[in-house]
Every structure is written in structure tokens, then in C-alpha cells.
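Take this structure first; my questions come after.
Naming follows writing order (A, B and C), and every chain is counted from residue 1.
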């Protein structure tokens, strides 16, 4: 199974062209859209999101990840094998949290190049063919790379920021709920929020935080939109009150 | 074939995670996105939409339906078999019109539970695995339930409201066009609208209603957007002038 | 492989219903979404977009194309075979540039009709079944048609207009970059833009044009949105300064 994690957006020809390459090079491989709207041009916020969502996929899953504002620049194209799952994409920090939270990690720098490599669409021309190779059980086409070279040691283990706002207006933070002691409150946009277990725990219109279905602390409003009610967007800071 | 009918929205990781479960539990089953933008948190409007779109699918189709504002609350998880098609989702009225318009109906309450059931994402954790079981020809994992228990008898047979606004700005009502006598006019937002057969029947800019390709009375403007021209949104009342 | 090119939008039941037909009539055929947001109701702009994106697909690909403001009107439903690829859709100019830039072209007018043909959704009722027939290696169900009958000779070889704005706010023109001499500047919204090779060539915030990954001249802003910075939308004129 190849899982797509990109900031290509829902519209436009980008995801479709990648899928056409995957279909041609790895016919029959299942391809699943996870995020097409990862934080745009923001590998850091994306890294916390990816690390929260990847572990629920089975071993052998290949994550084809493209949040790559430096396409055409100098970041290396990389492959990682982390606890039995594969990751293909730019070495710009996008895999930092997946790597940091892992047991066993191996890294490669992709040195394979396609016949034609566009300057702006490595997702289609470089990363998708490599993901297809892995789906066909080939080895990563490149040299082993010291994983530490791409580390972002200065990034925290949990990111106290909004990293994603979903269709319902719920705002995910980059904080794993499991690290927060019982009774923790979160402060965003000047509001102090209690923890709830489910939406129906709370009065309609009340803002709260809860552990979402992938373990992130998420800010929501029962029968409302937290993004509008609190004025939240990606990058907004979150304070932890324990 | 498994058909998805949800209010998860187009963006975000929800549909992808459900598809990953379906792929794992029912590999090879075709999965089709019908609506990812059913009326959000609105099982009633969604029920009329689903009942209009489901009958065109072949027997054996499994509809995985999640419009579930009460997730984590008390509504029962259910399976219905209706005229040879299967429906999996919350027993919150979402299947009311499918059931009411049917010949033969059987209902079950799902009593199977996964190893890990999140509080907020039964679509992934409960309903998708059950849909996958049905796709693998298993029986519904639960007890037969009296279908009448979930009935919404107070809901009308046709809903004289806007239930969906599409990409073109066309506004679908919850009224089957076939029940409307010849010469029927619809009144919305203070405007009296005549019936047309096709868009090109009407002058550019003129609002009208017509029977859409799935049998619903739909309000449109030739070469324009009815939602903007008339200020329409989901829930707006429609009056029938016969 | 069947590739979808429509203006159905990302939301709503249109693409899903077409895919259900394709699955029923050509089970196992891969279906790829290329554009669901081709310029709405605009076969001319769509024609330049399609001609830029189609050639990268392999021979034998079937393009199911629906940008069809005249549905229910008089435009003929057509099939084209162009350099080994198939195109199915309305004969309203949508295939003009594909045809004009081709080596070998054959055209048919579809005379097959389904049992039930809705007035407004030929994509599902007529074009999808025909695409499925082609995917099953059937001949086009119709009579050979003189391709010149649907020609739009008055349309230019390259369209000096914005034809698409993507998720990042980049604005594609209908001009092939390869026809522009070195040193060409493009003028849009009163601004004179230089050519760049990659985004990272330019200072953040600077507008420029570049050859996109499918050969079109595209207007962008490094780390910004060209559509907002320059106020661009589909149909805006572009001037070529050589």
C-alpha cells in the first residue's frame, strides 16, 4: 500500500499525475490519499502531523510524502525505513518526528535520476518512481545516508502550535495528548480550554480540547467550528497549563 | 463495491484512513466516493440525498455512511439490507428515507467492537470494518433489530428544503420531481420558479427548477450560480405551488 | 487506464457516479483523476490545459473529458483517437488543441445511446459507458466523423490567457513555454515578469514566470500566491514581450 501525504491540494493535476506514474510503475499497488492538504510549504508542522498518522498503518506501507518548498534547491531526496514502514520524500525535516520516535531507522539518499527531471515537480518525476520501486520490492535506489545529517535537533518533541485545521473547523495541535497530565488545560487565542472525552460531553457552542482519534490534542467546539469561534489557524501558538 | 457517503469533507485524513481499513480488511474491493460533503452534521437532509442517489447503484452495493454528529453518544450503530443493497452507519435517521421507500428491509444492531474504538472516529474503527466484513460476504456482526425503532415517522416523505448545493451553485431540494404535477412552480427566497427540461432551455441568467439526473427537483441558473443569485443554502425552505 | 478531465468540481456526486459506471462496465480498469476542476463551463481554456497534460500519459490511455456547458443542447458526442490515445467527450472544441497538435487523428460521432439518458448528466450516462467500452477494447460506438467539422480554426495555437489557477496560487497560461524565445517577458495585470528556472531562483515575494512541469508558461511568486499578489483569474489576458 502506497500512502500519499502532500501539500498538493485537492484540486489540480498534481496528485493525479503522481498516481499515473505509480500505476504505470507499480501496477496493482493500492494507493491511498491520506493528506493532500498537509500544511502548505511547511515541513515542520507537517512532520508532527505525519508522525501522528503514520503509525496506524501496517508494516510495509510506503509513505510518499511531498511537502517540499525547496524543490529545485539543495535538500537531498531521501528514503527512510522506520519500524518496517517506508518513507520517500525530501530530506527537509519532514521525517524528523517519525525518525525521532522510532525504534529502528535506516536512511538512504536517492541517487537515481529519471530520464527527464522537471525543476518543479519531483513528486511526479523522482519520488513517485522511487515509491513504485519500493512497492515492487526493489531496494532504495541510492546510498546509505547518516540519518543524523538531516536531523532537526532544535525542533521540540511535541509542537505547541496548531498544525492542521480540518473540514469541521477542529484545530489539531502538534502535541500528543498522552504526554499531557490529567487536568491539563490548553490556552489558545487567550482562552483556557478544559479537556473533554467526546464532543457530546460538552454543551453546544463550548470550546474544549480532546485526544483525537490519532492521539493528538485537538481543539473543538461541540456543534460549532473552533477555527472561527477562536480565530485559529496553522502556526498559532498553544500554551500548556498543567 | 463499497460506496462512501460521509460529511468528512474532501480534505483531511478521514476518508483516507477509512479506505486504508477497507483495503486491509477487504483487499480488492472497489471503493467509490459518492459524497464526502453530505450536509455536515445533518442526518435529516443527508437522508433525502442518500435515498435519491442510492437506487442507481447495483444490487450488492455496500453503502458506508457516516453523518454522525452524535458519535460517542447513544445512537446505535446499524446495518440495513434494503432491496439487495447494504447500508452501514449510525442509526440516527440517516437511513430513514432509504428504508421508508423500500420494498424489503432487514435491520441489525452492530454489537461487534474493535480492539480499539476511538471516541470520535467510528467511521474508521467500527463502520469501515463492518462494511469490509459485508464485502467479504460475512453476515452483519450483530443482532436483528426492529427497524421501526430508529424510524423518524415525523419526517415527511419529501423534504421541501434545500439539501445540497453543488460545485456549480445548483441547489438540490429533498423533493422528488416525479411527485410534482406538471406545471408545478417552486418558490425559494421569494422567487417563483418555472420548470425547465434542460439548462439550454432557458436564457442565460434565468433561474428555474428541473429534475436532476437523480430525480430530485433542483434549482439552477443557466450559465450562473443559483446559490449566489438567489442566496440559497442548505436548510432553506422551498414552497410547492401546484 | 482511464483518465478523468472534468469541471465537475471536487465535491458532489458527479465523479463518483461516473466511476461507479466505469467500475461496472470495465471492472479492473485503473481510473485516475487528472482535473476535476478544469475551467468551469469553458471548453476553450480547458482545451489548452488538456493538450498540455495529455501527452505525458502512455499510449492507450483513455481520456474521459467533460466540460460541457451545452449538455442537452446540440454539440455532438465524439470519440477521437490521437497519436494512440483516446478521447471521449463533447465535440465543443474541448479536443481542438489535442487534435491540432497531433500527428494522426481519427474521429467518430457516438451514436450509441443508453437505455436511460438524463438531460443533464451525459458524463455518467453516455460518455462513461463509451469510455468503458474503449477500455474493454471495443470500437468506438458510432460513425466516423470528419474531424474538421468540430474544428475551431479561429482559436490560436497558444492562448495568451490565464487558463488555470492552482492550489498554490500559481497561474498557468495557455502558452507553451517552448515557443517563447530566450529573454521573453510576460505582462499580466500591468506587471512585467521575467523568466526563472526554479522557484528558489527568486527572492521570496517576487513574481516571475517559468516553464511548469508540463511545459506551460506559468506565473508564480516564490513563497507567495501569484493569484492574490497580482489579482489573477482564469481568462485574464497575458501579453508576450520578446
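Heads up, the rule we're going with is that a contact is a pair of C-beta atoms (placed from the backbone, for glycine too) under 8 Å apart; a residue touches a chain by one contact, two chains touch by 3 or more.
These numbers come from a predicted model, not from an experiment.
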* Asked: For chain B superposed on chain C via Cα atoms, how large is the rotation, as a multiple of 5°?
  -> 120
* Could you label the chain A-chain B interface same or different, taking same to mean over half of its residue numbers are used by both chains? => different
* State, to the nearest whole Å, the distance from the C-alpha centre of chain A to the C-alpha centre of chain B. => 31
* **Per-residue overlap in chain B, given as positions that touch at least 2 other chains** => 10
* What part of chain B is in contact with chain A in the complex they form? -> 8-17, 19-20, 23-24, 27, 40-41, 69-73, 118-121, 124-125
* Asked: Which positions of chain B touch chain C when the two form their complex?
  -> 1, 3, 10, 30, 32-37, 53, 56-58, 164, 166-168, 197-201, 210, 212-214, 223
